[in-house]
Amino acid sequence: MNASAWHMLLEGAWTTVWISGISIAMGVTAGLILALIRLARIPVVDQLLVLYISLARATPLVTLALFIFLSAPTFGINLDRNVAGILALTLNTTAFNAEIWRSAFRNFSREQREAAMAAGMTPWIIFRRIMLPQMMITSLPGLINEMSFLIKGSPAIAVIGIVDLTRVTNRISAVTYEPLPPILVACALYMAAIGSLVWLQRIAERRANRLAV
Amino acid sequence: MFEKNTSEQTASEKTVPDDAARTDRTAVSIRHLSKSFDGVEVLRDVDLEVREGDVVTILGSSGSGKSTLLRCINWLEQPDSGSIHIGGQRIGVNDAGRPMPVRELAQVRARTGMVFQSFNLWPHLNVLHNVTEAPIYVLGKSKAEAEAHARELLEKVGMSAKANAYPSTLSGGQKQRVAIARALAMQPEVMLFDEPTSALDPELVGEVLAVIKDLSAEGYTMIIVTHEMAFSRAVSDKVVFLDKGLIIEQADPETFFTNPSTERVRKFLEREVI
Amino acid sequence: MSNWEILWSARDQFWRGFFSTMEIFGLSISAAFAIGCGMLYLLEGSRPRLTVPLRVFIDGMRMLPFLILAYLLYYGLPAFDVRLDAWWSGVGALAVYHGCYFAEIFRGARLTFPPGQVEAAKAHGFTKGKMFFRLILPQIVMQTRPLLGNQLIYALKDTAFLVIITVQELTAAANSLSGTYFIPTEAFIVVIGFYWVVSVVMEIIIKQCGRFSAKRGFDNV
């Protein structure tokens, strides 16, 4: 592999990183919002969300990315492929994150909430000061786990023409006629990224266990 | 027993009234309180007056409804009928007779402080911040003011050395003392203790009871649900005995423990070593 | 003709895609299951020199996206003069990849397997192999079925990646139909419906297995 091949590879890696990063940030936030809406148990809305979560969990990312990218123009929306890719990843990861957040809510200690109510806190202060900080700690291992799933799923966006870390190996071998080296380097980069997430997850688990008094 | 009214109240905004006034004024007034869970009546037409500065202990066998009674006072349980006034203000129901809006309910709750059987400290906050959290976010105190007051209170319960420790590193007795400081930090008009020593190892009970005794000597109004007979006898101005949701005896501790008027209480006391 | 009527007239293409996906899925998941069981058996420790490399291999696979493994088999193997077509590369990659996940799931359950049972079996003169296949494996499989069920759904979803290496499966069918008739929305809704139904059916089957297993007392040993 020559310098320009390395350069292309790093560019592909960067594409994977920024697209995944944005999707993770949006997915974690949207997941929290969905979890909150589901806790309110609004009729119809609740059933729709259950359907969405069930569909999003069963739909392959490749299929979802193609669906969004190809069908948007038929509704008169011209989607940039990056936006379509981010949208697909976000729609997918949000469903999983919503379930993680929701279980953190449902398992939150009733006693601690009572202690906060007895101290005269309003529901919003209880949520913001007592529940959310702890839910962030207890959900973090699950959220990080979901992040590594997102990165493992991110090559799906290649199907709509985004040149990510996986797809770029094709581009490089089209020039060098040696597909193996770039694929192996890409493997190593993925392992480094996901390996560090696994490591972070372990730290997060230790912190979460410490919280459980 | 409640002559002194010292130091800690000086930092207070809601200053506790001076001794002359406090002996007659009602801190908590409970009228015709009834509550049932799934058709089982746990409280039946309970009436109870607690004067400012009084220490009232509630005794009774388990399942007698004493914890439920205590939890109704700050509306953690909603009674089916009857009324509760704290410092003259009705809790849970507003002037129009409707359920109180959450914000208003929170304000009335802030006039009481509660100590739970299982401590219920917030594990993500260290000891100091457990104590300052509500004063800052409910009373709107400044951080500095809340921390200064919290340190005084931690000193009082003998926990100032652990101000920066997290709850998971503390023993049960230490947790409960922090929980007491946390409740005191709100400068409540009445302190509610829900079996504060029942979850403790026997050797840790003493340190918590000693703190509560100190508070009683300082003139705090307290309602204590407990199983500790000797403690009840030593600190109470009034002992209340609940049986199957009914108050069947209320008396000063001497009368209650030496000459109870009901057979039920006599039987109960026989089983206890005082 | 409405878009839906166009789709109906092209239903054969959907069915072909669907059966192709199910064929790939069925074959690769069976192989993956066998690989997972085999790895668990090797991890039992009869060949100590194998355990460490095997653990490294399993962990390594779990850190890779599925597609890059498919690339490795499809584009990379020819460097060693091994040429697999897209279909076999896909099935092979799915089998190895999900085999490692199965192995990891089994390994987690094996760690908490009651040692008393193993000792009792040894005392009764079971051979290592018999003990593994008659005693340990069945219980571990029944015990881990919710996780296995999840993994099946992941494997089903991963089959869609194969469209990228030109395997003709369900997503490829939707893609080509939407290209031919320019009805992407409808085509993909149908295909997503297919995936969804298969997932839901798998979930129901796993739950039914749960009932069977509860009856046989697998859960409260």
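Lettered A, B and C in written order, each chain numbered from 1.
Convention: a residue touches a chain if its C-beta (ideal position, glycine included) is under 8 Å from a C-beta of that chain, and two chains touch if they have at least 3 such contacts.
Only a predicted model underlies this, so the values are computations on that prediction, with no experimental measurement involved.
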Closest chain to global C-alpha mean, per-chain Cα centroids: A
Chain of greatest Cα-centre distance to chain C: B
Chain pair with the most C-beta contacts: A-C
Chain A-chain C separation of Cα centroids, rounded to whole Å: 22
Gap in Å, rounded to a whole number, between the CA centres of chain C and chain B: 58
Intercentroid distance (Cα basis), chain B paired with chain A, Å: 46
Of all residues in chain C, those that touch chain A in their complex: 60, 63-68, 71-72, 75-76, 78-79, 153, 156-161, 163-164, 170-171, 174-175, 178, 182-185, 188-189, 191-192, 195-196, 198-200
Residues of chain A defined as touching chain B within the complex: 109, 111-112, 114-123, 125, 129-130, 133-134, 137, 210-213
Chain A - residues contacting chain C, complex: 54-55, 57-64, 66-67, 70-71, 74-75, 148, 151-156, 158-159, 166, 169-170, 173, 178-180, 183-184, 186-187, 190-191, 194-195, 198
Interface residues, chain B side, partner chain A - complex: 74, 76, 102-103, 106-114, 116, 118, 120-124, 133-134, 137-138, 166-168, 179, 182-183, 186, 192
